[in-house]
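What follows is a set of structures to go through.
First subunit A sits with subunit B, and in the next complex the same chain sits with subunit C.
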Partner chain A sequence: MSAALRRLGRLHPTGGAVVAVVIFLALYAIYAASEADATSVFGLTNLFNNTVVLAIASAGLTLVVLAGEFDLSPIGVIAIANVVMATTSVGTLGWFGALILVLVIGAAVGLLNGWLVATLRLQSLAVTIGTMIACEGAALLLLPAPGGAVNQAIVDALTGEVLEVVPVALVIIAGVLLVWLVLARTRLGIALYAVGTDAMAARLSGLSAERTKLLAFVLAGVAYAFAGFMLSCQTGSGDPRASDTLLLYMYASVAIGGTSLIGGRGGVFGTLFGAGILSVMQKMLFALGAASFYTSIFSGIIMLVAIFIGNASELLARVRRQRVA
Partner chain B sequence: MAPPGVPTMAEPAGRARAPRINPELLPAAVVLACAVLLIVASTLLNPGSSFVPQLDAVLVTSIFLVVASFGQGLTILLGGIDLSIGVVVGLAAIMVSTLTNGSNAAILWVVPATLGFAAFIGLVNGLGVALARVPPFIMTLASGISFYGVGLAFTTGLAQRPVAPGLVALMNARVAGVPIPVLILLGFVIIATIFQNGTSDGRKLYALGSSPGAARVLGLPIAGLNILVYTLSGLCAGISGILLAGYSSAATIDIGDPLLLPTIAAVVIGGARVVGGRGIYLGTFAGALFLSALETIITVLNLSQGVRDIIEGAIIVFALLLQSERWRVARG
Partner chain C sequence: MNSTPPVLEVRGISKHYGATVALRDVSFVLNAGEVCGLLGENGAGKSTLVKTLSGVEVPDTGALFLAGSEYRPRDRNDARRQGVATAFQELSLVSTLSVAVNLFLPDPAVNRAGLVAMRQLERQAARILAAHGVSEIDPAALVGDLALGQRQRLEIVRAMFRRPRLLLLDEPTAALSDRDWLFDLVGNRLAEGTAILYISHKLDEIRRLCRRSVILRNGQKVLDRPVAEMSDDEIFRSMAGRSVVERFVAAPSALRADAQPALRASHLSSDGLEDISFTLMAGEILGVAGLEGQGQARLFRSLVGLYPLRSGRIEVASDGRMVRPQRSPRAARAAGVVLVPEERKTEGIFKDLTTIANVSLPAIDHASKLHFLSRRRERALVGQVIGDVDLPEHFLPLSIAALSGGNQQKAVLGRALMARARCLLLFDPTRGVDVGAKQSIYRMMRAFVGGGGAILFYSTELDELVHLCDRCLVLYGNRIVGELQGPALSQELVLSVAAGHGLERAAVSGR
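The block that comes next holds the complex of A and B.
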């Protein structure tokens, strides 16, 4: 195998992501077979609206995980973004000004996380618990009780369809994927994998682990903020505690999508399908008339199944790599 | 997670220079001192209260975290993690209250059954990690989510049941002026410390955590140790859940969720490293006590929830900063 092909293989790790795509299609097929609305424009819009917040947030998380770190702060950032949208998007700032404000806040929290983890070398799993709690506190200060209102223009525009055919949420998810595909080809994208695989080797070959991790956290912060923006468009109001349950499902999306939680393997492509699996599964079980608790049970089982298959393909890849060496 | 670029070669050299004092004792003592200072401060800020009752109050409210963090600390010692703790605490609490249903009659078999169920979830985690080689982060996350669904299945449609009065009394009674939970807490800390830092099993855990490769060469029972640790973690979460049910006299399935992240924070504040092989239980205990004391003092100050969260988050970050500073000095 040529070197270029091998590098391509790393950027598009087929193992985990293919598993996620197959599981997603299988679940969607069952859903479509048992629910007539599943293939209608309305049904699809609904499905993608349910997916988009988790998908964007998990995509951001994937960058941090690829670089070999953890981030527990996303729900804090999403909470802040949600309450800022609910308190400012109607006023003089307008929805666009509010969006910019929210993205800047997300980048700032990401920068703080990155500085603590990459520059000061604190343990990310613990330190982001601190920033997460502080962010939730800030959200509570801005909006102590659920309420506020989000600009109706974006509530209508971003939960509907483009030309009454293509769900806006799908366009946004596709946009996130496009950004990732470009990013993965940049110096930063390659550095993410290198640093996540072996920080020491990456440094010896001239990559700055500190700068790479810092940028990963900043980009992730922006993604969480954008996820919070989309959440606000869907709920139409603010709730400082709305995102609490999201965190575990974000990690589930990343893991199901084939990204290794110790870093260096995987990608956003798989994560997006991981998030899709979690929401289509909910729809499928509902269409089949299963009680809601099955959703939790199945989420766990699907995670394990995806990991099993992913592990098997990783093993194959290792065998192949050894043969090359 | 990859080690954050710390050259591991430096560590044994540093240890060889000062072999007699356990280097992990210092951070534990510092965190413990900070916790005591916080309790003193909350006594001063709260007119009409004195130190001992304040200490008792903090110890009683810290017991859930102290017990659950022991299991978390063991999994982190092996370089793993247990994300199912919050769910197991909630399941144990709901199981003990549903089955006793407000009477003491069933308590003798319900408590062991609940502990058995909690340990079983831990065993499932351990088997997945040790035999199926699923990464601990994923295994415990998946089993937590799944068992949460199982718990929902059993509790949907049920009205909230009261906990057996015996358990409620246990959490409120005193022996010779000392609250019983404080005695339980002290007993637990002593047993846990002896297990982790005084037995050969405990030493094997350190060996496995600091170098899995060397542990394999030594012939340590790696799978067995992993299964033991995750089962113990489930058991501790079960104990914590039963105590929590008794303390709050009613249980919901979500009652343990707020405990999960603090268990990780307590372990790390106490001086452990998430890559494994370091940390003593006294440190974890100090971390848990510190977090509970922090919660108490913030409550005494009567601040809004938002300000409380910001202060708590900042102090967690600050505590970690102090630790990293210590490491830098120790290495240099």
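The block that comes next holds the complex of A and C.
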């Protein structure tokens, strides 16, 4: 048991992830106590549908953050993915063709970001502001005003339940977690942590920071595109501005989940719960009858609390390890 | 014999960084089963040479040959594949990864699914560590939780276990107190025919290990001769370009008979410190000796409030009375107690600031008018201390990152003087510092106690402790196990007590 825990700890070398799980469960308990629908299949599907876009996009962002870089382009990629889905998924391409197309676009934007940051060594914050604006522009060009339609088949299938019991969105989030758990144990996963912790030491150890960061941006780009795909299924139509508010919530999910914004510590596991916290909190406040503008205040407070407890537990863990040593 | 080409031949390599020449037309050879010393002050080009051989830097001109064929490593991995392994001075370990993963970077073994098999890796790591005589490091521990000395061991084992043809050891004992461990390993590798380039500041190590040594100065090779043929003075002269006749000039103690206590620690206890008591007198250099990880780092940090204490009392002299400052670095500084920390690169300097800004920091209030800094006054204030630490004035406007380790340390010491310290806590201040700068630091220490200051001085180099200190405390297992002074303060006895032999027993066997 303790060995298994230690192993888990190694995959997520931060106290923050555990804190996020605890906070999520606590908030969900309050929500469930005040809203009868919370534990029904319908209520759960609704909750996970509200979470899935943020969760997938934040998972992608986590990879870039772990490697020690910033990425502001996700909302641009999501916007493009959304309008492409709204304009092509009904026609000749079909939903699957459109999905492949948006994933390729996401990978291409990620590749561009990665090339500019990793190969040309430009600052990621500046570069990705540029790609974000360009992508949002491209989305407006494709679909100047909200409209279009997303293939009804996926709108129905991906917002419902598997066998009328398990929310599809939950299955997708679990799939993202599985991909992460595999990725974290590959050489690339280890390289992400190494490069994000200490780029010089990683280089002297023979790791390529350039290749690692490039791959992080590409995988992140694919994740953003997939998040855009899921957003399209939720809304059923295209809106080039639909993703505008998402970016800060993505960073909030990453931070609440215990990932260090300067890189090298954390993981997608915590991020998924971070995203879960942000959406279950909205549900909880609504169920409690709080006015909607309280939601933002609570989001902020929860974020501060999570980061505070995360750091405190990290400190405790360090003291404990020192005592053992 | 002549038919086998040397393991390494360096032929006329040069390397420039902008206007600075790091290496100029350096050539030498290294044979199988040979360990060759590489000596030079900081900034002489040693590290650049190591990086060039390791595939981190590409030389501008010249060529390298490995066993007769041309060797142009594209990167670290290419160098490693061709049998060149390096233990870097700055330790190339990743703190958030485990010992086992670090050992096998960059390509830890994966199973058929492409996943890194942690358990297997840890078992393998444990075997490798044990085979290299390292038993106290848990392969599953995060490197960030290891003591500096343990990290250095890991770095060395990582370079050695792949059985390289050419092994580069860059200052391998900088944070190591058990040097015999390393010397045994070096002996084993030599017996297997590995060629070793051994970079060090420490002449006694070079004398002990190497038959031959190359000396660099300002990027040029100035000497390549058997070590036995050269006197210490000759070697220092070649390195420094000047004579350092005697490393330790005997100086009378500045400690007066009627000296008052400057700092008194009573029964300090915490996690990793057990009942530490001592009194540091004004005018005294009080040494602290100990193998790595015996509590010395925690002791120094607790004295300025950087490490929490469970119990105990710290008193500092103030206007003839002993007062108890609050436990924070700021309060300690206000009471005149200043720590010069272990990790110069991360804790000592502000690497993005100029040298003058690094020195003047504690005193900028005195150089400001209406909160605007007067450059002229800053210069004048700094001018008062740089002479004491031999920091040349023309370094002041440069970024401190551009300075050699020795000059950076002088700037850090200058800053401590600037803060009007009365009690300096120096934690291994000469680590990774060149011969000339060491002499400057010794001079500065003596002048400081001569002016009534007090110094608590930890060093990994025993000869420093023996020659500079009035008394020396020896730590073992987080407690003070001995206090040596006068004729008993000898390297042999310090080492024996530090290794855990009781003082009485050691004293008896030492006779």
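Remarks
Please note the rule applied: the second predicted complex is superposed on the first by the 304 of 325 C-alpha atoms of A that agree within 3 Å, B and C clash if a C-alpha of one lies under 4 Å from a C-alpha of the other, contacts with A are read in each partner's own complex, and residues count from 1 in each chain.
Throughout what follows, contacts are C-beta pairs under 8 Å (C-beta built on N, C-alpha and C of every residue); 3 or more make two chains touch, one makes a residue touch a chain.
These figures come from a predicted structure and were not determined experimentally.
With both structures placed on the common chain, the touch criterion links A:R203 to subunit B and to subunit C.
Once chain A of one complex is fitted onto chain A of the other, the partner contacts of A:A153 are absent, as it touches neither subunit B nor subunit C. Ranked by how many residues of subunit A each touches, subunit B and subunit C are led by B.
Contact with neither subunit B nor subunit C is seen for A:A312 once the two complexes are overlaid on the shared chain. By the touch criterion stated above, A:V104 is placed in contact with neither subunit B nor subunit C. Of the two partner chains, subunit B is the only one touched by A:A252; subunit C is not.
In the superposition on chain A, A:L178 makes contact with neither subunit B nor subunit C.
Of the two partner chains placed by the overlay, only subunit C lies in contact with A:A191; subunit B stays clear of it. Of the two partner chains placed by superposition, only subunit B is touched by A:S292; subunit C is not. Of the two partner chains, subunit B is the only one touched by A:I133; subunit C is not. Residues 196, 198, 200, 203, 264 of subunit A are contacted both by subunit B in one complex and by subunit C in the other.
Listing the residues of subunit A that touch subunit B in their complex gives 68-70, 72, 116-117, 120-127, 129-142, 144, 196, 198-200, 203, 209, 248, 251-252, 255, 260-264, 291-301, 303-304, 307-308, 311.
Of all residues in subunit C, those touching subunit A in their complex are 54, 56, 75-77, 80, 86, 88, 90-98, 101-102, 105-108, 110, 113-116, 118, 140-142, 145, 271-272. Across the complex, subunit A is touched by residues 1-6, 81, 83, 128, 132-135, 137-139, 141-150, 152-153, 156, 261, 264-265, 268-269, 273-274, 304-317, 320-321, 324 of subunit B.
Interface of subunit A with subunit C (complex): residues 6-7, 10, 13, 182, 185-187, 189-191, 193-194, 196-198, 200-208, 264-265, 318-319, 321-323, 325.
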